[in-house]
Structure formats: C-alpha cells, structure tokens
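Questions regarding the structure given below will be posed in turn.
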Amino acid sequence: MAPGPQETDFVHMAIQDMWAPEKAEDHARARTPQGRVLSVLLYCTGEMSHFSKFMEDKPFPLQLVEWILRGVARVILANNPVSGALILGALVMASPWQALLGTVGLLASTLTAIIIGQDSAEIAGGLHGFNGMLVALLMGVFSSAGDWYWWLLIPACLGGATCTFLFSGLGPLLDRWDLPVAVFPFNMVIVLFLSCTGADHPYFPHYPAMPPGAPEGLNHTQLHIPQLLQGVVLGVGQIYACGALWPSLLILGGVLIFSPLMCVHALLGSGVGTAVGLSMAVRHEALYSGLSGFNGALGCMAVGGLFFTFNWKTHLFAIASAFLSAYTDIALSNLLGTVGLPACSWGATLIATLMLLLTAQHLSAYRIPIGRVGSPEHNLLKLSQWEEGAKDDSTDV
Amino acid sequence: MAPGPQETDFVHMAIQDMWAPEKAEDHARARTPQGRVLSVLLYCTGEMSHFSKFMEDKPFPLQLVEWILRGVARVILANNPVSGALILGALVMASPWQALLGTVGLLASTLTAIIIGQDSAEIAGGLHGFNGMLVALLMGVFSSAGDWYWWLLIPACLGGATCTFLFSGLGPLLDRWDLPVAVFPFNMVIVLFLSCTGADHPYFPHYPAMPPGAPEGLNHTQLHIPQLLQGVVLGVGQIYACGALWPSLLILGGVLIFSPLMCVHALLGSGVGTAVGLSMAVRHEALYSGLSGFNGALGCMAVGGLFFTFNWKTHLFAIASAFLSAYTDIALSNLLGTVGLPACSWGATLIATLMLLLTAQHLSAYRIPIGRVGSPEHNLLKLSQWEEGAKDDSTDV
Amino acid sequence: MAPGPQETDFVHMAIQDMWAPEKAEDHARARTPQGRVLSVLLYCTGEMSHFSKFMEDKPFPLQLVEWILRGVARVILANNPVSGALILGALVMASPWQALLGTVGLLASTLTAIIIGQDSAEIAGGLHGFNGMLVALLMGVFSSAGDWYWWLLIPACLGGATCTFLFSGLGPLLDRWDLPVAVFPFNMVIVLFLSCTGADHPYFPHYPAMPPGAPEGLNHTQLHIPQLLQGVVLGVGQIYACGALWPSLLILGGVLIFSPLMCVHALLGSGVGTAVGLSMAVRHEALYSGLSGFNGALGCMAVGGLFFTFNWKTHLFAIASAFLSAYTDIALSNLLGTVGLPACSWGATLIATLMLLLTAQHLSAYRIPIGRVGSPEHNLLKLSQWEEGAKDDSTDV
C-alpha cells in the first residue's frame, strides 16, 4: 500500500510512514541515502519495543542502560530509550551536576526495585526509575548548598529507594480503578524530604518554595511578550526542573521522536498553563521561567493521546485538563507555600487521575486500559484491532 | 382504606395522607375546597417522581428548569422541584445577587454535565447542579469586591464546570463502597478557588476565613438566649450561605414540603451544632449567625431518615452524627483557618460518609442502598416491600 | 520429642518450650518447682487464646476486664491480657492520672462498640479499645491544665467513643486491600481534638507540639551517649506516651511475654529511629526522651514477624520500615508543627500500611492474611500448616 520510496519525495514519505517502525526495513532495503536516514529515524520512533526484544539476551549492564534511558523518558510520559538519551544529554548541557544527581536517583530506585523483587517487566520498562530521578533533580534544585555538594547524593539515593517502595505500595491501591501510579511517589517523597529538612538545616539546607502569588504579587512592569513565549517552551523543560532554552528544545525533540502528537500537546498545555498564570496574575518570573506552564503541559499530554485515543473530543478534554491542572497547581502552590513547600506536579497528577476516572461518556468511551497504553500514534493504529478484540474479552472488571 | 374526605376533618386527613401523593387524586375527586387544597399540597410532597414523568415530553428549556429546581433543593438533601422553587425564592429575598450567582453556577455545572455526556438520569435528578450552585454562592459570600461585581460570574461558571468534572471522577471511587459523592466536589473546588486567589488578589479579592476560636476567643459578653435560638434556625439557612431569618424559615418550609422528618432533623442538628459550639467556647457571632449549626444540621439530616430507615436507633445515630459533624467542623475550621481557609461543609460530609461506612450492626442494618434512597417518608413506606425484594436479590456486592 | 524436665536444665527447657503453651501441662505434671514456674510462664505467653476460651462462660465484668487488658496490650501490637496487665501496671507506676485517663478512654470506646453493635469477636479481642486508650493518654500528655483535671475525662470519653466510630467506618475501606485499621482512628481523633481546642482554650488548654527541628535546632552541647541509649529504651515507653525508664522496661517485659521476637524488634526499631534522629540533627531532648524512636519501633515491630512470617528477608524489610517510619515521622512532625500539631504515630501507621501493600515479591510472599495474624512465634509455627491449607482455599481475593 505504501508507495515505493524511489517514487515519492522524502518529506511526504517521512510524514506518511513515520512512527510505523515496521516499515523501517522497507526503506533500508531501498538503499538510497534518504531511505537509509529514514530507516534509522523510523527505527527510533514510538515505543521501540523491537529494541527491547533485541536487548533481551544482552549482558545486564547494557540492559540496565536501556532501562535507565527509558526511565529518563518516562518522566515526560514517553517510553523510548533514544528520547531518554536526548533528554539526558539536554540535562548534562543544562547542568552536569543535576544530570549526575538525576542519574543517581534513577539508578538507586531501579536497583532497589531489582533488589526487593519487583516485577521485571515493569523494571525493564523504566517504571521504577522516573520517580527517583525526579526526586533527586528536585533535591538538587531546592538545595541551597550549591552544586557539587556531594553529601546530597545520600538523600538522592534514599529518596530514590523510597520512591520504589511507594510505587510498589500505591500500585495495588490505584489498580482497583485501573489507574497508573504516575508521579505520586515523587510528589510525596519530595514533600517529605523538604519537610524533613528545613531552610536552615545544618546538613541539607534548602530554599523555601515561593508561592506564585507572593506578597510582591503586584506586577508593576509591563509584560515582555518574547519572554512569555520563551516561557511556554521552558514549561516543557521545567518538567525536568530545567529552566534553560536549548536543553528545553532538546527535551521537546526527545518527545517528538516518541510521538509528534505528544510534542504538540506539551507545547499546547504549556501555553494554556501560561495563560492561566496570566489570568491569576502570578509573578512575571513564574511565567517567564516556565514554572506556570509545566503542570498544564503534563495534564495536556496525559489526556491528549496517551491514556485516551486521540480525536477532537479527547483533544478538547486535553485542553480542559491543561486548564484544570494549571489552576490546581496555582491553588496548591499558594496553599503549600504557606508552609514553605512547592506544589511540584501534584496539580497535573491529580487532574490526570481525575480525568482517567471520569464517567462522562464523551471521554470514557476513548479510555485505553493501562496495560495497553502505547505511544499516541500506536494507540490510534491499534484502535481498530482493539475494538475487534474487545468484543470477546473485557479487561476492566 | 382511607376514609372519605367528607367524613373527617381537614387536619386529621392531612396528617394521615400527606406525603402519599398517590392519594392526591382521591382528594381532588372530592370536589370540596379542602379536598382541592389538600390535593395540591399532596401533589407537591416527597420526591415528585410523577412530576418528572409528566415533564418527560416537554420542551428542553422547561425540563432544564425542573432539573435546576431539583438541583437547588439537592443542596439541602431534598429532591423536589417545589422545594427548590421555594428555596430559590428565599435566596432572592435574602440577596438577588447571591441568587443570581448561585443560579449561574448551577446552570454552568448542569450544562457542563450535558456537554461532556454524563448519565441523563443523573442530570435530570439535579445531581450535577448542586455542587456548582454551592461553589458560586460561597464565592459570592467570600468575595470582598461587593455585590454586583460582574467579573465574579467567570469563576462561578468555571467553578461550576469543575464541580461536574469532580462529581464525575469521584463517582467511581466512592461507588466501590456504595457511597454518594455528596458535596465533596464543592468542598474541594471552593478550597482550591480560595487558595488560588488571596485576600489581596488584584482580580478576585476575598475575605480570609475567620476560625471560630479566634484570638478574641474570650467571650466577655453574656449569652443572648433569643439570638442563640435564632441562630439555630439560621443554621439551616447557612447551608445556602444565607444568614437572614425569614429566608431561612422559607428554606425550612421547602424542606418541610419534601419531608417533615428531615425538617425536624435539620432543626435538631442545628441545635446540636449550636450546643457543640457553646461547649467549645466559640465566638458568640458564630453561634448567633448559625455558622456553628449548619454542619450539625447536614450531618443529622443525612443519617436521620435519608440514607437509613428512620427508627429510634437511627434517630440516636443521627444525633451522634450531628455531634461529630459539629466537632469536626470546629476542628477543621481552626486547622484550615491557620491558612485563611474556611472548613465549609467538610465536617458534615466526612462524618456522613463515615456513618454510611459504619459496620455497627445497629446502624448498618437500616442502611438504604444509594440507588433506592428517596424521601424519608418514602423510605419508611417502601421498607416492607424492600424487605420482601431483598430476599431474592442483593444490590450491595 | 521434648526431653523430660527432670533431665534437662531450666534455661534450656525454657528456651526450647517457651511460647508453646500447649506444653504447659506437661511441665505442670512434672511436679518439680521449676516445672510449676515454667508451666505458669508458658501459660501466659503468645496470644493466650486458651484463656479466652476459659473466660467464655464467666460473668460479663470479668470478661470486660480481659477485653480491656487485651486492649491495653494492642497498643503495642501485642494481644495478651497478661502483657496488658503488666503495661497497665507500668502506666500506674509512671503516672496514676495518666493510667486512669487511659483506662477511661479504653472503657469508653469498648462500651461504645458494645452499644452500637460491633462484632463481638472484635470487641473480645480488644480491637475496639486501644485507639480510645491512646487518645485519652495523649489528651493527658498535651493538656496544660495539670494532672487530676477531672473535666478532661469528658473529652477522653467522647474521644474514645469517636475512635470506635472511626474504627468501624475505616474497616470496610481498608478491608478491600486486607489492611488493618491499626491506629488510624487514634491519629485522626487526637489531631481533631488538638485542632478543636487551642493553646489558650478556656476549658481544655494544651501545650503546642514542638517540631523536632525547632528554631533552637542548633545543638551546641555534646551528645551524652548513656542518655542516648536510655532514649532507645524510652522509645518503647513513648508508644504509651510514657517517658520514664522503669515503666518503659516493664512495658518491654510485657512485649517479651507476648513475643520475644517483637521485643527485639521494638528495641531495634527504636534504635533505628534514634539514629535517624541523629542523622537529621533533631533536638537532643527528642533523642533522650525517646520521641525520635517510637515510630521506628512501631514500624519495625509491625513488619518484623507480626504481619509477615519472620525470616532474614522480612527482617531486613523491618529495618527498612523502621527507617522510613522514623524519617516520615520527622517530616510530618515538622509539617504539622507549623500549625502546632504533633505527628503522633502517623509515620509508623502510614509506613506499615505501605509495607502491607507492597507488591515486591521478596516481601509480599511472606505476608500473613490479616485474619490469621497471631504472635510472631505462632505465625512461624503455623507456617507449614498454612502452606498446606493454602493449596485448596485462597482468602485474599
């Protein structure tokens, strides 16, 4: 059905066949330079489950690298080792110390999962790593002891290990409603860590979180539109607590490889979050740094294509989810800010969970059971096959 | 079996036949003036499910009016459009702006429910409106921008819509234990809204909530008993954030039409709440304004006849529920007051949920499955039929 | 199989046969002085289910005494009336007023359970008493009105009764995951009580809770090692809010009678908690008084032998649980301390619940269904029989 690569131009081909890795071989067989580039690109898109199969009989350290790269990508809801590698590169570019911290946290939680005997398929999918990575990254961001404060590796390891315990324990709780554990463990552990230590802690001092509508809430200066637009892109980077432009773009590139649909939703959600920040008159720095946008981005990505089959209805729900996530984030930031704590990604996590629970027919009809969630493009592709299969077996009891 | 209306006096007849709407036609047939008055009264009592049937083939705007009136009554646990109309009248009497705000919130949440595709039976029962109405009413009460601040309609609409999302999402969570969603969405949304904006917010400023045991907690003045008794009646009005006497009495009248038993429990619970306030030495203004009483009233109404078949045992549990609701309300008010938030009806909602979960045999034996809950009088009437039916089918798995 | 008591020395015999009450009769038959002492000792070990059977046909007041003594022991996860008597003695030794308060709270909650119709087997096991006792003890400790302030008996009774309601209501919620209600009711009620009243309440004034990392967090003085070691023992006493040495040792004795394994885990967990306190630089008084240790002790006891079959894997998990409990306790203490509330045993309760939920194969494989939990020694003994029985029936659906 797909036209031979010789007969059609490169861009058309790319659009038509991308995210259909099974066609990579066709293009490789074409033996043209474009065909070879395309075959490599196609090979790296989507969930790359063929790569997992390829790694199955490789030595443990190599496998661990794959799991860790998947874990890195999982933070932004992607499941693709190449995305993970790109994102890790972006983090090193932004701050080598932060990248080291994140990797240590990720390693600690993945190894803990192996040691305590978690399901090996989950570990191989990077599910036991991303919470630990986020905890370590946030520990680094909030630490007021400066970069390369080596003692911080201890709480990063312990925090990562604790995430695995929480992930394992929350699983059976949320499983009753076929809900993912998502970043609940990260949000819990970082709140506990920051409560445990205080601003003036002798070993692990940290900055208090600043609520977005702080006393100096009156913004006397004019809005700077280019900075605002930059803030939308930074909103995607802030998912990894990274506030620099180029690394954020690289992170976006990582998401693009996994799924262009999610990349669009990430930017859209970040834009919605920034608009919400404007409507609630938050500090301009919160808008410019992307802090207003990242909850919207996460809320939008989760609903738009990942946990629901993509169509215009779920697209509207994704925008609603971005709005709700961003408003909830501002509310929780103000609330937790009274005790000096950040709201992290509580807003997006709670709202995405709410969306998955919704009984509204126009959304719940497109819900994908957690066990079958893939990349948005994969979800669309498999829709018809699922509809066939759903006739004789129901997974959601 | 019922004696002919000609042979017996009006009062006796009313007591005997009221809340048995199926007898309305008998009285209408009697063609005496009393018979006609009685037939109209009887027609308006209880759940008025006959009226819903009558409206089924009417145009959409008329149906929407019925749904909205039912939604108004649902706030106080009643399900009767005439009660709703009476209560809406009471709100207009107390403050036309508040009545407008409430109606807008109610409309927003009901229309959102229609748009996102919620179950139409639930919408027709007014289940998707009352949370939105409460959110809008409370936004108006806490707003320090004064009446007729038209911008407030925007958060009222958004808050109402958010309530529908929460109602829809909490449903499957609570359904596992056959629990109603109740006013959880309202309580969550209003806390989030008040956290989102602050006392000095540029667009939506609001008063901070004052905890009942504030620093000036020492009550130097003598208690004024008539004001205290008035506070008991105002406690019922405070369910609609209304602190005026005549509207509160009209609201009580609305409850009376739905169910005299609930009307008695509302006053009883409000009295218990006021007594609890006295025992904890709250500010006298909290007692006089009815703020101490309304959680007790809600807690008492829920257990006394609505979710449990009425008898002396459940009556005692209803009083216990009122006590627990009122104490929990004071505790939560003090706790949330430290961050400037009100406790709304968290106390009554949590305690009523707890009561529904109770395994204690002397209460759980009288529990009515959520799907079969009607007016207390209806519940009593259907008890024997249910007991028959329960033998061959069990609904609570 | 057991050698005759005449032929072997007392200590060897004791070690070999202790916590096997069914052998008590053998020793009694031996008619030597050691045999008789041993027979009495053996009779008092473990769960003493034979004693419950013996009491079945005794008058109600005597039965109530047994239930209350079991309730006293339940606080520290033991289920043995002799342990309860020892511990009650320890409390009287430490403070007769506190012992009275605790007994009143325990009585109030047990009697409430009888009145509202809870399951009689649960009542007989002391399950409806221990939360009430803890609430009353903590009310006494935090009250700034001094000892023998008789009015405090009113909230002690009401708090105890409320605990029974919460225990009954939380049961069906947690039962879905086969989780015990544990001390959740106590933790909730004491937080509500302390929120309800404040530091300057006219009727029930209380001290504000002091977070462990208070402003004067800088510990200028040198650590006093003997006091630190004493703090480890006091950590066990602090489970009953008791900070004196000899009563704490008596409480440890009570645990020893129920199960030596739990006694070891209590001390181990308390030590871990103290080490955690050191690592987070808490106030020295918190270390010396045992307040840093008691959450660790509870977390360690729950996992080490009680809810999981004892072996070296679960032993390591018990230590991990102690660490997590202690860190969570410090975090929650700092967090709740900002509003003047104590963290009570939230840390240990949440972490123990998390451990029970864990899907990690190296722990969950040894989980004992709640309905079959006995003393650790009993659990070990019954392991092989259970494994047989598990083949044809599964309780955890």
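Should a chain be cited, it is by its letter among A, B and C, assigned in written order, with residues numbered from 1 in that chain.
What we mean here is this: contacts are C-beta pairs under 8 Å (C-beta built on N, C-alpha and C of every residue); 3 or more make two chains touch, one makes a residue touch a chain.
Given the structure is predicted, the values throughout are model-derived calculations rather than measurements.
If each chain is drawn as a node and touching chains are joined, the picture has every node linked to every other. Where subunit A touches subunit C, under half of the residue numbers in use are shared by the two copies, so each contributes mostly different positions.
Separating the CA-averaged centres of subunit A and subunit C is a span of 42 Å. Each of the following residues of subunit A touches two or more other chains: 176.
Interface residues of subunit C facing subunit A in the complex, by the touch rule stated above, are 176-177, 213, 217-218, 279-281, 317, 320, 324, 327-328, 330-332, 334-335, 338, 353-355, 357-363. In the complex of the two chains, the subunit A residues touching subunit C come out as 113, 115-119, 158, 162, 165-166, 168-173, 176, 191-193, 195-198, 200-203, 339, 341.
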